[in-house]
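Have a look at this one before I ask anything.
Lettered A, B, C, D and E in written order, each chain numbered from 1.
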C-alpha cells in the first residue's frame, strides 16, 4: 500500500545584487545548488520550475517529495550550503501531505507532475461555513465541481493537504500544456456552487517546467556549463 | 483567425542606491536594458510607461505581448542580463491573456494601446456573489456598465484575463489623453449596479506613455545618449 | 474659468544610513533637493511639511500642484537627480485632481493651504453601498456632514479626487492651527450618518507646515546653510 | 485648568548590523541618544521601556508628552542626530492627545505612568456601528466596561485620543506590576458588551519600564558607562 | 501550588548574507548563541526547533519559559550579544502565560513538550461573537472539541494565553510524532461547531524538535564543533 508523502513547494527569489557578481562566481553558486538538487532527485521526486517572466516576487520553484519530513529538512540544509542560497530569500513556502480524497476515487498519494509544460499552483482555504454544510450536500457540490473539471481532460490536478502544518488548507497544483485552456476552466468554475465557499486562493503561480539547470540559467541568462 | 495573446505587465522599481553610481555606469545599464527591449519589440508588442511622479512604489512599466509564454519568459531572462536589473525589483507583475468578451462584440484579441498619452491599469477581482447571479441578469448589468462607458468615447478599454494564471481575475487597462475625463468616468461608474460586485480594483496605476529610452532617462534624469 | 489641477502628495522616508554620511555630503544632498523644489515653486504651488515626530514611516511631505501631469512628472525626475533621492524611498504617494463638489458650492479648483500650522491628510474610500444610495438621500447625509464641519470654522478642508488615477477615491487634507480642535471635529463626525459609509480613511498623517529648507534640516538636525 | 497634552509613542528597532560595530562606537551612539532624552526629560515627561524579549519587531519604546507639538517634533529632530538613529527604524509610532472622557470623571489630562513595572499598549479602533448606537445605550455599555475594570484595582489605565491625527482612534496604555492579573482582566473584558464593538486592538505591546540608560544597555548587553 | 509561567516563542530568520561569512566566523557566532541558551536552560525550560525546510520566513524557534518576565528579557539581552544575532531578525514572536483552562481539568501550568518529534504552533484569535455566547453553550461546544481531540491520543496540546500581552489571544502548540495524524485531526476539527468561532489561526508553524546545537548547524550545514 502506498504511503502518504510530504510535499514541499519552495519558491526562491534571488537578490538583484547577485547579478552584479562576476560570471564565474555565479556559475559556482549555481553548480553547488544543482549538485544539492541532483543528490536529492537521485532517490526522490524533485521538480524545478521557472517563474521568470510570470511573477515578480519569485524566480524559481522547487517541488520536492518524500515519505519522511526529515529528508525534506536535510535537503534544505544541504541546499543552504550552496553559494546561491547566500543571495536568495524564500518568499513563499508551502508544506503539505498527500491524502486520499473524500470526494474522488482518482486521488493519488503522490504528487507526480506528468511532464506538462506548466504547473499552476495556489494555496487554498475554504470558508468555515463550508465545513458546517451537511456532508451529503458537500458531496453533491463537489461532484458538480469535479464534473466541470472533467470537461477539460487536458488539465490534470494534484491536490495536497496542509491542515495544521502550514497556513493554507490545501495546496492545489494543476498541470497542463495550454494556459488558455486552464484559464477558461478556472473562469468556468467561478459559476459553480463550490466557488462560493472559497476564502482564499491566492497567490496564484504560473510555473514553467524545466530542468533545474535551465531554471538556474534563467536567473541570470548564463549557462552553468554542466550537462543536466 | 487571430490567436489569443499573453499579456505581461512588469512594473519595475529601481533601488535608490543605483542613482549613486557614476553617470557612465548608469548609462551602460540603461543601454543594455534598452537593447533587450528593442530586440523583443522588433517582432512583438512592447510598450513602456513611466510612473515617476505618479506612484511611489514603481518607476517604470513594460507591457509586452506574445502568442507564446516562452517568448515572454525569454524576454525577462534577457532583460535580467542588463546591468539595470542588478538594481531593480519587480514590485508588481500581472500575467494575463486576451479573450473574447461574453458581454461585448467589440472585444479584441490583442492589447494594443492606440498611442494615447496615458494608460490607467488595475488588477480586478469580482465578488464570488457575482458569479452566482443569473446569466441574463449579469448580461443586463454589464450592458448598463458598457453604456456608461460609451458616454466617454475618448477613453478606450483593453481588458485581459488572469483566471488561474495570476492573483487577479482581470487586468483592466484604460487609455486616454485626459486624466480628468477618465476620473469622471470612473466616479460615474461607481453608481452603476455592476460596481456593487467589485471585490478589488487596486492598486491603480497612472502610467505615462513614452519610448523605452525616455522612460529610462526619467529614472535618473540623464539621457542614455542613444536615439530610440 | 479656472482649470482643474493635478495634486500630488509625495511622502519621503530617508534611509537611516544617510545620517551616517559626513555633514558636508548631507548638506550638498539637501541643497540639490532644495534647488529642484525652488525651480518648481517659482511657477507653481509646492508646499513642504515635516513628519519628524508625528509618523515613523515618513519624514517629509511635498505637496505639488500643476494643471499638467507632465509637469508633475518632470519635477519628480529632476528631484531624483538630487543626492538626497539616492537615499530616500517614497512610502506613500497620492495622485489626485481638483473637481467641483456635488455637495457644496464652496469647493475649490485649487488645493491651496492657507498657511495654517498643520495639514491633516488621509486617503479616503467610501463603501460601494454609498454609491447605491438614492442621490437625494446622499445629498441629505452630506449636508449633515458639512453642517457639523461648519461648527469648527478654524478647520479648513481641501478635497481632491483620485477615482481611477490612484488607490483611493479622495485625498482629504484638513488645515488648522489647533490639532485638539481638529481631533474633536473628527471624533464628532464619527456619530454622523455619513461615517457609516467609510471604507478606509487611513493612513492618517499629521504634517507640520514649514519651508522646504526647514523640513530638510529636520531630517538630520543640520542647517543647509542657504536662506530659503 | 490643566492643558491637553500631546502624547507620542515612538517604538524603535535597531538594525542587527549595529551590533557588529565595535563596542566603543556603540557606546558613543547610546550616549548621544541618552543625552537627547535627558535634555527633553529635564522639563517634560519622557519614559523609556524595553521590548527586548517581549516583541520581535521593536526593541525600545519612548513615551514623550508635551503641551506643544513643535516640542515633540524638535525632540525627534535632536534624537535623529544621535548615532543610534543612523541604525534604527521606527516600526510603530502613535501620536495622540489627552482629553476628558465622556464616560468617566476620573480621566486625566496627562498620561503619567505611576512607575509600575509594565506598560501594556495598543492602538484601538471601534466599529463604526458603535458611533451609531444611542448615546444613553453607549453610556450604559461603557459603565459595565468600567465596572469590570474596577474589579482589578491594581491595573491603571491611561487613554489618549488620536482621531484625525493618526491611524487609530485611541492609544490605550494600561499599567501594572502583574502581567497575569492584566491578562485575566483583558480575557474577562471579552465577555462584556463593549467588546463586540472593537474593530482593531493590535498590535499589543508588553513594555518593561526602565531608565533610558538601562533600555539602551538592553539593546546590546553593554553598559553605556554613564550614571542615569 | 505551581505558579503560572511566562512562555516565549522566538522565531529567528538568519540573513542569507550570513552564509557568505567564512566558516570559522560562523562557528564562533553559533557557539556564542549556544552558550546563551545553555546558561538559560541550566535552570529553566528552553527548547529548540528547526524550521529549515518547513517554512520560508523563519529558520529556528526558541521556546523559553520562566515564572518571571525579567528572566525572559535578560535571556534575550544575553542572546543579542552573540554574533549570530548581528545577522538575525525575529519575524515572529509570541509572548504568553500558562493558565488553568475553563473547559478542562487536564490543563497544565507549564508548557513542557514531551520530547515528541514535532511541535505545531499557531497564534489563535476567536471571533468576538464567541465571547457573547452563553457560558453553558460555550462549555457544550468546547466539550465536543475536546472529545474529538481525545480520539487522537498521540497528539498532545499545550495552550498558553496572550490576552492583553501580545497580538493573539492564545498560543496553541500541539506535539506529536506523526504529522499525518495531526493533519487528520485538524481537518476533522473543521467540522466541529467551535471551528465557526475561529477568527485567526495562522501563521501555522511545523517545528522539528532538536537540540540547540543541531538547530544551529541546520542554519548553514556546518557543525559547531561542540558536543551538546
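Worth a mention:
As a convention for this text, contacts are C-beta pairs under 8 Å (C-beta built on N, C-alpha and C of every residue); 3 or more make two chains touch, one makes a residue touch a chain.
Note that the coordinates shown come from a computational prediction; the quantities given were computed from them, not determined experimentally.
Minimum number of contact steps separating chain B from chain D: 2. A separation of 27 Å divides the Cα centre of chain C from that of chain D.
Averaged C-alpha coordinates give centres for chain A and chain D that are 44 Å from one another. The set of chain C residues touching two or more other chains is empty. Taken as a graph of touching chains, this assembly forms a single closed ring in which every chain touches exactly two others.
Chain contact summary for the complex, chain D toward chain C: residues 4, 6, 8, 10-11, 15, 69-70, 72-78, 80-81, 83, 85-93, 95, 97, 99, 128-129, 131-132, 161-167, 169. Within the complex, the chain B residues that touch chain C are 16-17, 19-20, 50, 52-57, 118, 120, 174, 179-180, 182-187, 190-191, 193, 195-196, 198, 202-204, 206, 208, 217-222.
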